[in-house]
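In the two complexes that follow, subunit A is the common piece, with subunit B as its partner first and subunit C second.
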Partner chain A sequence: MSSILKRVLGLVVVLLGISLITFTVSHFAPGDKAMAIAHARYPGEQGFAPEILQSIRDELHLEASFWEQYLRWLGAVLQGDFGVSYNTQSSVWSTFVGSIGETVTLSLTALVFGLAGAFALAALAVRRPGSLVDRLAIIVASIGSAMPIYWLSLLLILVFAVHLDWVPAYGTGTLAHLVLPTLALAFWLMASQTRLLRSFILDAYDQPFIETLRLRGISEAEIFFRHVLRHAMLPALTMIGLDFALLLEGAVIVEILFARSGLGALLATSVLSRDLPMVMLLVMFFATTYVVINTLIDIVQMASDPRQRQGGQPTEKSI
Partner chain B sequence: MVKYSHFVRGLTVAGVAAASFLAVVGAPAHAEDKQMVVAAPFGPTTDTPDPRARQNGWLSNRAGVSETLIGLGYDMSMHPRLAVSYENLSETQWKITLRDGVVFHDGTPVTAMAVKESFSKLDEEGHAGHNPRLSKLLDIQSIDTPDDHTLIFTTNAPNSAFLWSLTEPSAAVMKDGTEEMPLVGTGPFIFEMAETDKTYVTRAFADYWGGAPKLDRLVIDAISDPSVAALALQSGDVDLVTNYPEPDFAKLKDAGEGQLFLGATTRLFFYQPRVNGGPLANPVVRQAVSLGLDRETIVAAALAGVGGDAANTIFPANMTSWVNPDLSLSYDPAKAQALLDEAGITDTDGNGIREIDGQDIVLKLRSYEGRAALRPTLEMTQVLLQQIGISVEIAMGEFGANNEALAAGEIDMHLQAWGTAPQGDPDYFPSSLVATGGSSNVVGYSNPELDALLEEGRRLFTTEERQPIYAKVQAIINEDLPVIPVFHKTQVSVGNGKVVGYEIHPAETYFASPELDLAD
Partner chain C sequence: MRFTRPRHILPRPSLTLPTKETALLSIDAMSAAIGQQGILHDISFTVDRGDWLGIVGGSGAGKSTLLKAILGARRPARPQAGSMIFDGVLRPFAKGWSGRPKGIAYVPQSPTHGLDPLRRIKWQWTQLFRCKCCVADYKPIFTALGLPDPEMHFPHEWSLGMQQRLLLAMALVEEPKLLILDEPTSALDTVIAAQVLTEVERIARDKSIAVLMVTHDLALAARFSNQITIMEQGRIVESGPTDTVLNRPQHPYARDLVAHRAWQRAETANA
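Coming up: the complex of A and B.
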């Protein structure tokens, strides 16, 4: 319990630190914020009258000191008020809530398909290490890791939307619209994780207890599913936490490319238009997600691995 | 090594089955009505974008939902729209006569009172149509409605740009919406729904004063990546891409393929030089820089030769009401070198770079992300100016930060892209950039002759009276070069071969009309 409390306190400190860093970077970034906001509010127009820029500065307290602005933001957030978008002048929270579904759906679907693909490919590869299948799996993984997601996405559109006409090229609304963005993200994830999973599985097979199990006459299938996979899952769990963060990062590009509205696309437009309240909310969300997932994984690992429960040192029993 | 092939096989089959399920279940439905889907780079900023607020009117004007009293023609001159005539009664009074038989999308007539009501929302804080910026531009003191078809606008001060401001899409005539019909306009298409940054959907308005539209529905989808938009056209998901990638457009043009649309816009790519310090404070150096720019080559390199027209003045050739056709900005590196030689700006140490007061001329040029042609234009400028003995360092930054750097003397030129006459009024661009104290005159340029001309131009009310004034303004700008025009952007669009009734408007704010159609 005290360990969980420590984690929660750590999370608060991390979030405060991230909020301060993000606010500082946004505050001291070069350029006239009022001008950037005016551009976002009136796209396509230039040469704003000084009165318009001044009214924006007054409206958003842009001339207040750094600490005054930061504490004003923090005070409001502690009361559950994330503020109003500088650009659209609507509540950033409602915009966030309206966009989160798209990103979570895309990220989770890609996570499931990507990890399933990675497990399948890794399982094929370790069947006969060094065989043609193993090499092919590594080649696929290497190509996937080396291929920029932007290029992969265009390739998928070209093949599946233009030539085969199976799915729409862009947009949201139906399951079909989810296919190509999911494939792009899942392939990217699968490629980056196959080699790691392969090495986790091979590492598990190298454990001395596997030979003992074989000597006891336990079938290879049972060894794989009950012992090898379980052993390999422990490091893989950490990886899945990192994968989720990776997916959120990848979603920024994929959402923009496939003209989907989600948190990634929202973050990109907010950063470009210096929409500080929206940027702050999104950064805090991404940071919280990242930290919470990794904390949960740590807890799960602690619960499932006796070595970690005892301070990370291998016990006499486990040796 | 291990026997778990069933596991692997099962996983593969499950994956393929899931993908097939997704593909079949989610296949896009084919609408039976005649619907045109258009890919545009930007989408709506909210789900219910009142055309009067902020810049929402640009999209709703393009989509044919909202209309203004006065419109802009394809030569950027004013033409009647909801108003059939407009008359200047005095320096501060304008009489507008409304068109007969115009109805809002809910079927109610457009009367003088309804128009007055619509304009009153510009000042109503908290209303969806609140627009203090437009209100300031119009500067209306009062609106009288002597009868159902007549409006008398009285402004607080003489305002020659008043009618031009009425052409701005934000000056739309709207009626307050309801839950069923959130935006009630007068255009050929009725607003159906919008999704922020994603899509804007409309349906035909059969009772439109200009005749029933030929299309049943018009959908404008925001696809920010031009390559994806081009692929969406190929896949048949969209019927028209309004901002097609220039290199791909050039290939289609060369191959004689595709339904191509090409139209000059009022968007100007130009350099704003630091005239109050550094090498460019010397007008001779500015002249040499301008003469050293091979604008045709820049257009060829940055926009594949199809995305722009070399600039001869700040206004494009198709802006016939205001462009000074006698002006040109030629490429003449020999003359540029001769000018510099005559001014004693030579290369004395033989390193290939000319010097001023013993210092090599090294110009720092900067631009910003957001328009693909800006970076290659900087790169081409670097190569071209090197040829006349001027060294150039280039970098990309942020628009506001670049302006601050220019004002602080940290850079020498800022490459920018502006719509030079978004409302058709020629005063906007020079007054913002080169008038003394202009809102974007960050380098403190001051030319009393130019100021006097601009002042006079703002006092006059007819195009005939103003034309010679702005012709002179352009001549002074070309001579003194407080801005160095490079090229005017051309919009390139590609259709699926069936698009009918589409023409690119120079202001980029007009698109949908009753004639817009898809051929069978």
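Coming up: the complex of A and C.
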């Protein structure tokens, strides 16, 4: 229990640190913030009057000292108020809640398909390490991890939307719109996971008791599904946790490419228009997700290893 | 219409010999290889009922390959020639039989080699019988070996000595005629190993089970075995009753082993 408490305290420290860093970076970024905000508020207009810029500065306390601005933001956040957008002047929280669904849907579908693919490929590969199938699986995985996700996305659009015209190239709304972004993310995830899962499974096969199970006459299928998989899942869980966090990040790029109205598009527009409250909320969200998911994974992992669950000492190498 | 014979009246793949053969296990001119590389060459020996045969050799002598071949494993080394007669049933190695012959049980060298740490003891016990459609109650054999009720325990919740006795119970529950012990001292501390071996000695005597023990420790083999076979580089170099091998070793390697036995003992005592 105390370890979970420690994690929560750790999360608070991480969030404070990240908020401070993000705030610092955007505070000292070059360029006139008032000008950027004016451009976002009144699109299409050129040459703003000094009075307009000054009124923006006064309204948003842009001339206050760094610490005053930061503490003002922090105080409001502690009361559950993430502020209003500099551009749209609506609550950033409601905008955020409105777009999070798209991103979570995309990330989760990609996670499911990516892991299923990685698992199938790894299970095929380990049947005969070094065989043709194994090498093909590694080649597919290497291509996938060498390929930048934006390039893969563009290729997918070119082939399946432009030439074959099977699915829409961009946009949000129907299930068909979800196909290409999911494919891009899932392929990327599959590539990074296949090689890891493969090596985790091979490591699990290397444990000395597996040989004895064979000598006892236990079938290969039973050894794989009832023993090897359990051992391989312990280290794999950690990787999957990290990957889900990466997936949210990858989703940002994919969403921008496919012009989906998710958190990615929101992050891109708010960074470009210096919409500090929105940027801060998004960064806080990504950091919290990352820490929370990894804490959850640690707990699940601890619960699935009896040696750790009961405070025993693991007797063999733990990967 | 196609007639399929029920499985149980198919001719048995192996030949039953007349019972004049007295040895329980006899290996004849057996060889094995990994790829092109020979691992075992011309191995022949016999184990009589009630015997305790110690197979002694350094690492790489082929001891564990031999043991796995007897248990019907085809990997990593593939037996190529020779034959094995166990309990009156002839099995030529070249025929490619696999799977453990009924009546031979195996005790791995340590709990790490025998138990899945992520599965409950009871689950692992029932797994033994799931494929054979029968369930053996653990209570009598656990009591006989001084083991408690496994309840919901995982292996690590028992001491190493208890886990090793559990492995022994898993081997004995099949009522084997031959028990194979794999390096019983290499992974356990000497006190636990000695306890388990004494237990095996008692049960083997009571139930007249023959024991085949593979070890690198000649002193250990001398303490428990009545027959000793010494292997070097995949060949048997010396073989005979324990007294003969210890007092009149012929082969240089065997002489070397015997000469260093006292030193080996002194070292284990100091350790």
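The criterion applied here is as follows: the second predicted complex is superposed on the first by the 304 of 319 C-alpha atoms of A that agree within 3 Å, B and C clash if a C-alpha of one lies under 4 Å from a C-alpha of the other, contacts with A are read in each partner's own complex, and residues count from 1 in each chain.
Assume a contact is a pair of C-beta atoms (placed from the backbone, for glycine too) under 8 Å apart; a residue touches a chain by one contact, two chains touch by 3 or more.
These figures come from a predicted structure and were not determined experimentally.
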(request) Determine, under the contact definition given at the top, whether A:F258 touches first (subunit B), second (subunit C), both, or neither. (result) first
(request) Return first, second, both or neither, reflecting whether A:T269 touches subunit B, subunit C, both chains, or no partner chain. (result) first
(message) So in the superposed three-chain picture, is A:A141 touching just subunit B, just subunit C, both, or none of them (first/second/both/neither)?
(response) neither
(request) Quick one: classify A:S219 as touching subunit B (first), subunit C (second), both or neither. (result) both
(message) Applying the document's definition of touch, where does A:H227 land relative to subunit B and subunit C: first, second, both, or neither?
(response) second
(request) Name the chain, either subunit B or subunit C, that contacts more residues of subunit A. (result) B
(request) Look at A:P208 in the shared chain and tell me whether it touches subunit B only, subunit C only, both, or neither; answer first, second, both or neither. (result) second
(message) I'd like to check the shared interface: which positions of subunit A are touched by both subunit B and subunit C across the two complexes?
(response) 219
(request) Please give the residue numbers of subunit C that touch subunit A in the complex, ascending. (result) 68, 71-73, 99-100, 106, 108, 112-119, 127-128, 131, 154, 156-157, 170
(request) Can you check the complex and tell me which residues of subunit B touch subunit A? (result) 1-8, 11-12, 14-15, 18-19, 22-23, 25-28, 42, 45-46, 54-55, 58, 132-133, 136, 195-199, 221-225, 227-228, 231-232, 234-237, 370, 397-405, 416, 418-419, 422, 428-429, 432-433, 438-440, 508
(request) In the complex, go through subunit A and note every residue touching subunit B. (result) 29-33, 35-36, 39, 41-52, 55, 87-88, 90, 95, 98, 113, 116-117, 119-120, 123-124, 126-129, 154, 157-158, 161-162, 165-172, 174-179, 219-221, 223-225, 228, 256-261, 265, 269, 272
(request) Would you pull the subunit A residues touching subunit C in the complex into a rising list? (result) 207-209, 211-219, 222, 226-227, 230-231, 304-307, 310, 312-316
